[in-house]
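Let me give you the structure first, and then I'll get to my questions.
Residue numbering begins at 1 within each chain, and the chains themselves are lettered A, B, C, D and E in the order written.
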Amino acid sequence: MFLGKVVGTVWSTKKTDNLENLRFLIINPINLKHKPFSDIVVAADVLGAGVGETVICAYGHAARQAICPANPTKLSIEAAVVGIVDRMDIPENESPET
Amino acid sequence: MFLGKVVGTVWSTKKTDNLENLRFLIINPINLKHKPFSDIVVAADVLGAGVGETVICAYGHAARQAICPANPTKLSIEAAVVGIVDRMDIPENESPET
Amino acid sequence: MFLGKVVGTVWSTKKTDNLENLRFLIINPINLKHKPFSDIVVAADVLGAGVGETVICAYGHAARQAICPANPTKLSIEAAVVGIVDRMDIPENESPET
Amino acid sequence: MFLGKVVGTVWSTKKTDNLENLRFLIINPINLKHKPFSDIVVAADVLGAGVGETVICAYGHAARQAICPANPTKLSIEAAVVGIVDRMDIPENESPET
Amino acid sequence: MFLGKVVGTVWSTKKTDNLENLRFLIINPINLKHKPFSDIVVAADVLGAGVGETVICAYGHAARQAICPANPTKLSIEAAVVGIVDRMDIPENESPET
């Protein structure tokens, strides 16, 4: 899984049928320096993550299992928010800058 | 999933049997700066995405489920257009430049 | 899927049993500038792609489905040539340089 | 699989139901120079790996199989600690610097 | 699949149960310039690959199928050596330097 910051939302009308009524967030992965870089990932979300929040995202089967546990294989997604981050504990002497 | 711009089409006559009659687009992934870089992904498309349009693409099982929901495991593809983007909403203070 | 140029062949005598009689090509992924970079991928091939040809390659289940549709899960490969490229159509004003 | 150093822990209250009671570590992948770089991966852990320890991590089905062997497909994770490293043996003349 | 050079071995006592008695190699992926870079992958090996040898490695299901064909889904690995390279044939005019 990776950590990212929610930076926006993307809308699509013409899409695969199995994606109806899903919410798609634009996620900006973050690293140990907490400086977002310019890469983005589109992730489905059913937890209600808002812009500016830090989230844990998962890829592949894990993502489908988070969005539709009753029938994950029917979904055409491969990234999803699986948790909204409350707190990160990174002891200073373990950071790459020290 | 990732966001990309459709930049072209690729044709292949000699190909895996299960890819007959599929349309393959050349997709240029985009980032938060909206500047396309030179990487490309080949994605199957059944939504009719055109050159210049921004699309959401998915990898793996999700891609096969988008192209052939009746029998996804029979397909030799691992990338597909799953949505054509209408609108992206990225509040300015969440962009990496500010 | 990705586009690549076939740059060579690799031989292995001591290998996983299920890979017997398979042909392994060394593929150099290409980007929109058509300049190959130095990364390589090893891909199985049953289409007869030759050195210098441009091919479409797929990863994972899609690759196994291309090489052995009768029993894909028995194979220890995760990359395969799924098409030999005849033509690419990339309108100039969609290239990242313009 | 990849080698990484455990650099911290991440907590999430609002998360996918199937992730309840799981521990999530922040892992910093390492390379042959043993210099951590700034990328991070979030991995589930049931082995009790501590901050500062070097671990082997696996992605995808392998990760779910490590965390919940009884029912791996029910989990929304795709990275897990699968081993805590005791020792690495890298003969000097095989290092990329020599 | 990718090509790599075996640069060492990694040992772990505290690990996922299904990894008992498996041998884990540290693999340094190589590119067309044959210059190893500093990235590493940990791969399971049952072929007896030795330090300094060039190998073909596979990820995911393909790796599990190579290590335990009788019951691949029970394994928590996602990378394995699937072949020891005897010979690579890369015609000079196909190299990226010319």
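To be clear about the criterion, contacts are C-beta pairs under 8 Å (C-beta built on N, C-alpha and C of every residue); 3 or more make two chains touch, one makes a residue touch a chain.
Model, not experiment: these values are computed from the prediction.
Minimum number of contact steps separating chain B from chain C: 1. Between chain D and chain E, the centres computed from C-alpha atoms are 19 Å apart. Note: centroid distance chain C to chain D, computed from Cα atoms, is 30 Å. For chain A, residues that reach two or more other chains under the stated contact definition are 60-61.
Listing every chain once round the ring, from chain B with chain C next, yields B, C, E, D, A.
Across the complex, chain B meets chain A through its residues 1-3, 30-33, 47-48, 56, 58-63, 65-66, 69, 72, 80, 82-91, 94-96.
Listing the residues of chain C that touch chain E in their complex gives 5-19, 24, 26, 28, 35-43, 51-52, 60-61, 64, 73-79.
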